[in-house]
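The following blocks contain the structures, represented as structure tokens.
Each of the two complexes below includes subunit A, the first together with subunit B, the second together with subunit C.
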Partner chain A sequence: MKNAAALRWIVVFAALAALPFFLSGYYNDVYRKLLLWIALALSYNFLFGISGQVAFSHFAFYGIGAYSVVIFLFQLGMPLPVAVLAGILVCTAIALAVAIPSTRLEGFYLALATLALAQLFIVVLNEGGAVTGGTSGLVDYRLPPVFGVRIAGPWYTIVIVVLVLATYAVLLRLDRSWFGRACRAVRDNPEAAAAMGINVARTKVIAFTLTSALAGVAGMTYAFVDNTVNPPIFGLENAFLLLFMVIIGGAGRHAGAVIGATLLYLLPFLLSPLIGHHHALVFGVLVVAAILLQPRGLVGLWRSSR
Partner chain B sequence: MAILQVTNLSKRFGGLTAVADLSFEVHEGEILGLIGPNGAGKSTTFNLIAGAHSADAGEIRFAGQGIRGLAPHQIAARGVMRTFQHNRPFDGMTVLENVLVGAHTRFSHNPFSRKAAQEESATRARAAELIEFVGLGELREAPVERLSFGQGRLLEIARALAGEPKLLLFDEPAAGLTLAEAERIAAVIRGIAARGIAVLLIEHDMRFLLPLAHRVVVLNFGAKIAEGPPERIRADPAVMKAYLGEHAAA
Partner chain C sequence: MQDFLELAVSATASGCIYALVALAYLLMIRPTGIINFAVGEWAMVGAFGGYLLLSKFQWPYPLGMAAILAFMLLIGWATERIAVRPLVEKGAPLLAPILALLGMLVVFRESISLGFGPDPHQVPEPVDFQYLKYFMVGTTLAVFAAAWFFFEKTLWGKSFEAVALNRKAAALVGINLSRVTAASFAGGAAAAGLAGLLVAPNTSAHYLMGVPLAIQGFTALVIGGVGRVEGALLGGLLLAFAEQLTVRYAPLPAGYAQGVPLLLLMLFLLVRPTGLLRARGT
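On to the complex of A and B.
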């Protein structure tokens, strides 16, 4: 039983890790970004779908992770492991600062506070002068060698595969534990959850902080995909795309996050030859259809068809 | 031994006195019924003990320690669990998962520690026993949406028991149930008291409560008007007067 599970993880890892060696540079780039979207959608699903927190800051934390690792490495000259740890600390500190006051209030205030954070982040990036590189961002850097080895090409894609699988493993373990059940209980019925001895505010803060830190780590990995970070990448458009991915795939289910992220990331590649850049229109129709017809998303559709 | 001691408890809502200078005790393994006509202050008393309301004056001691002013989750963690009059299951979960949520305060290992898996499977086994105990064994893996109202009430009880309470608070457990379902609930409550757990029951229906309770406290307009074994309460003139016209059966 336990060995079978371990074997499954190894097979999935081997398949995902082997793929980039068969892809050209362009498709390798598409593949890397798809994996990053999946990692983000998985952690956002835990925050939005499982914990029921309507937050718009997830993509901003992705940006905070990306920017902070680049700033720590190249502006402050920290070694890589220190820069990564410092980046996680920054994400955690900001997440706590946002979550602690807003989870004490009704859910609506979390939406407002996180929307404000996402906007503020873009303002700080644009006005950050030499530290953030202003509107053009930070460019011309490369991942420093790790133990004397330069990780590039398909090998760096494997780093992203490890990130996705590690994110999934962490979230799966949490979801199947007392903590995951507490998150769902708080989402469904906070008063009954409190009567079961669950500290509602604390559960929300932990879920928010943990998933935001995971988004930050994904962002750090992203920083060396394009080797540039700039404000437009981390704008609200992508924050909403992430929300759409989770809703269309099926909020509350890991498979839904994977399906939603894959579909919405790849759809523009298929649609743009047909309708140009109007794919946002198709996304909008899909979201409305998902909310009206199948609130459990594509995963729900598949489950009810069986 | 008294596990719960309520002393001179008072609560006002604006100009209305909901609970006035109320004192009573509940002992281990005892079923104490708290009754009274509508608006007598039963629910307020219940909510004060469970931490949903905060008292204006008086003391609530549980296992020798003051619990007045604690939040509901802190009171639950100390060993006071409750059921809801209107069932409040966690939708989208199975019966077993609902009961596991009730065991929340029994988990002490973080989900990534090596002992977590062992703790999880031990707690699952205990939850399955409790589901058996209330008689929902066949529905253990069923989604809660499939339960009838009466079965949902039994789930409320199993979920509360999973927290390993020393005191269990029931908010009108027979409300909305058929006679057969109410008898089933009464049998389960007797079984709980037989395990040494103290039971405090808020009830409106005397026909359900009097055969079940070991001792009864009667409230009217927030104050205690009688206390004693059910046989004496049945014959008490003050109780008759408070209920007159409302519950001829009493």
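On to the complex of A and C.
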């Protein structure tokens, strides 16, 4: 049984890792970004779908991760492992500082406080001068060699595959532990959860901090995909997109996050010949339709049709 | 002193815009508890209505303004019908209509950008440009006076209050909940649309103008408190003065001034989520 599970993981990894070797440069780029969106959607699903916290800060933490690793590596000249650790530390510290006061906020008030945080992050990026590179961001850097080896092309895509699977493994493990059940209990009925001895505040803070740190790690990986970080990438648009991915796919289910991220990331490529850059209109309609007709998203649709 | 007076007038004018957006939120939050983040998009629709009727078709201002407000009432009513009522009737959690309205936000924005393109559009001012600010202040004060009269003196307004205080009890004494909800959304859309129309001569109508207005309006609401109509006005004015005083006198780069409403929003949400004015009867 245990071996079968391990075998399944290995097969999935092999399939995902082999794919980039058959893709040309452009499709490799699309594939990498799709994987990053899936990683983000998985951790956001844990925060929004499983813990029930509507936060708009998740994509900002992706940006904080990306910016901090680049700044630590190239502005402060740290070696790669130190820079990565420092980046994780920064994300965790900021997430904790935000989570401890703001997870007390009810429902959508948390969304607006984290929205303000995400916007404030953009203001700081724009005004950061030489440290953040201002409005044009930081460009012209390369991933330093790891043990003397330069990781590039399809090999870097494998790093992203590892990131996605590691994110999934961590979240799956958490979800199936007492902590995952505590998160669901807090989401569905905080009073009852507290009565059963769950520390509601602590559960919320841990869920927020952990998923935000995971978003930060994904951001660090992203920093070497385009080899540029700039403020528009981390704007509010993408924070909304992430929320829509999880809602359309099916909030609270890992498969939903994967399906939603894949669909909404790939849909613009199919739609752009038809409606140009206005694919967001379709996303908006899909979100309203999902909430009205099938609140459990595409996953729910599939389950109910069987 | 001259300098400060100019600043005070311009802060009062932009404070009025924030106050109108805050009023739009408040009209919907009080009876339903729904935070409708699409109010910024409604303001944008109002601004584009101004471009279409007043610039393109050259309608006289009062007629155009009346037509836009009527259209906004319709938009608010339709939004409630599409994205809110089915969920309320199904007994869905409160978050469901809020998220559906976020979807509507994107639908509004993309429809406008599809119809009018990404470039800003000029909207004419109702009066000579130097009196524009006074016109904004006067209109806003009239709206707030009307809203105050409505809530304090009319039976309809009382029924809104009753729903805000206790939905079940209000339904039991024969108040039509769905009618109150529909009216609150229609009124909210009209207030937001008016804000967009008034601010448009200064900022132009642009399809991305919605979200910043929605954030500023919500900050004003949180500062003033969701309990009372006067709170929205007070919050809007305080926010505008805080913004403009920082820009003028604080030794900060201009870009950081954009952070003032964001910091105030976070601060008030965390420290004083009930706002400065407390609701009646609590």
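As a working rule, the second predicted complex is superposed on the first by the 304 of 306 C-alpha atoms of A that agree within 3 Å, B and C clash if a C-alpha of one lies under 4 Å from a C-alpha of the other, contacts with A are read in each partner's own complex, and residues count from 1 in each chain.
Going forward, contacts are C-beta pairs under 8 Å (C-beta built on N, C-alpha and C of every residue); 3 or more make two chains touch, one makes a residue touch a chain.
Everything numeric in this text was worked out from a predicted model, so none of it was measured.
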item	value
If touched residues of subunit A are counted for subunit B and for subunit C, the larger one	C
Touching partner for A:I198 - first (subunit B), second (subunit C), both, neither	first
Contacts of A:A83 with subunit B and subunit C, given as first, second, both or neither	neither
Which of subunit B and subunit C A:V70 touches, first, second, both or neither	neither
First (subunit B), second (subunit C), both or neither touched by A:V288	second
Which superposed partner A:A280 touches (first subunit B, second subunit C, both, neither)	second
First, second, both or neither for A:R173, with subunit B first and subunit C second	first
Partner chain(s) touched by A:A239 [first = subunit B, second = subunit C, both, neither]	neither
Residues of subunit A that lie at the interface with subunit B and also at the interface with subunit C	none
Touching residues on subunit C, where the partner in the complex is subunit A	35, 37, 82-83, 86-87, 92, 94-96, 98-100, 102-107, 109-111, 113-114, 211, 215, 218-219, 222, 253, 255-256, 258-259, 261-263, 265-266, 269-270, 273
Residues on subunit A engaged by subunit B in the complex (per definition of touch)	170, 173-174, 176-182, 184-185, 188-189, 191-200, 252
Residue numbers on subunit A that touch subunit C, as the complex places them	54, 101-102, 104-105, 107-109, 112-113, 115-117, 119-120, 123-124, 126-127, 236, 240, 243-244, 247, 275, 278, 280-281, 283-288, 291-292, 295
Interface residues, subunit B side, partner subunit A - complex	50, 52, 71-73, 76-77, 81-82, 84, 88-93, 97, 100-105, 107, 111-112, 116, 120, 123, 159, 163
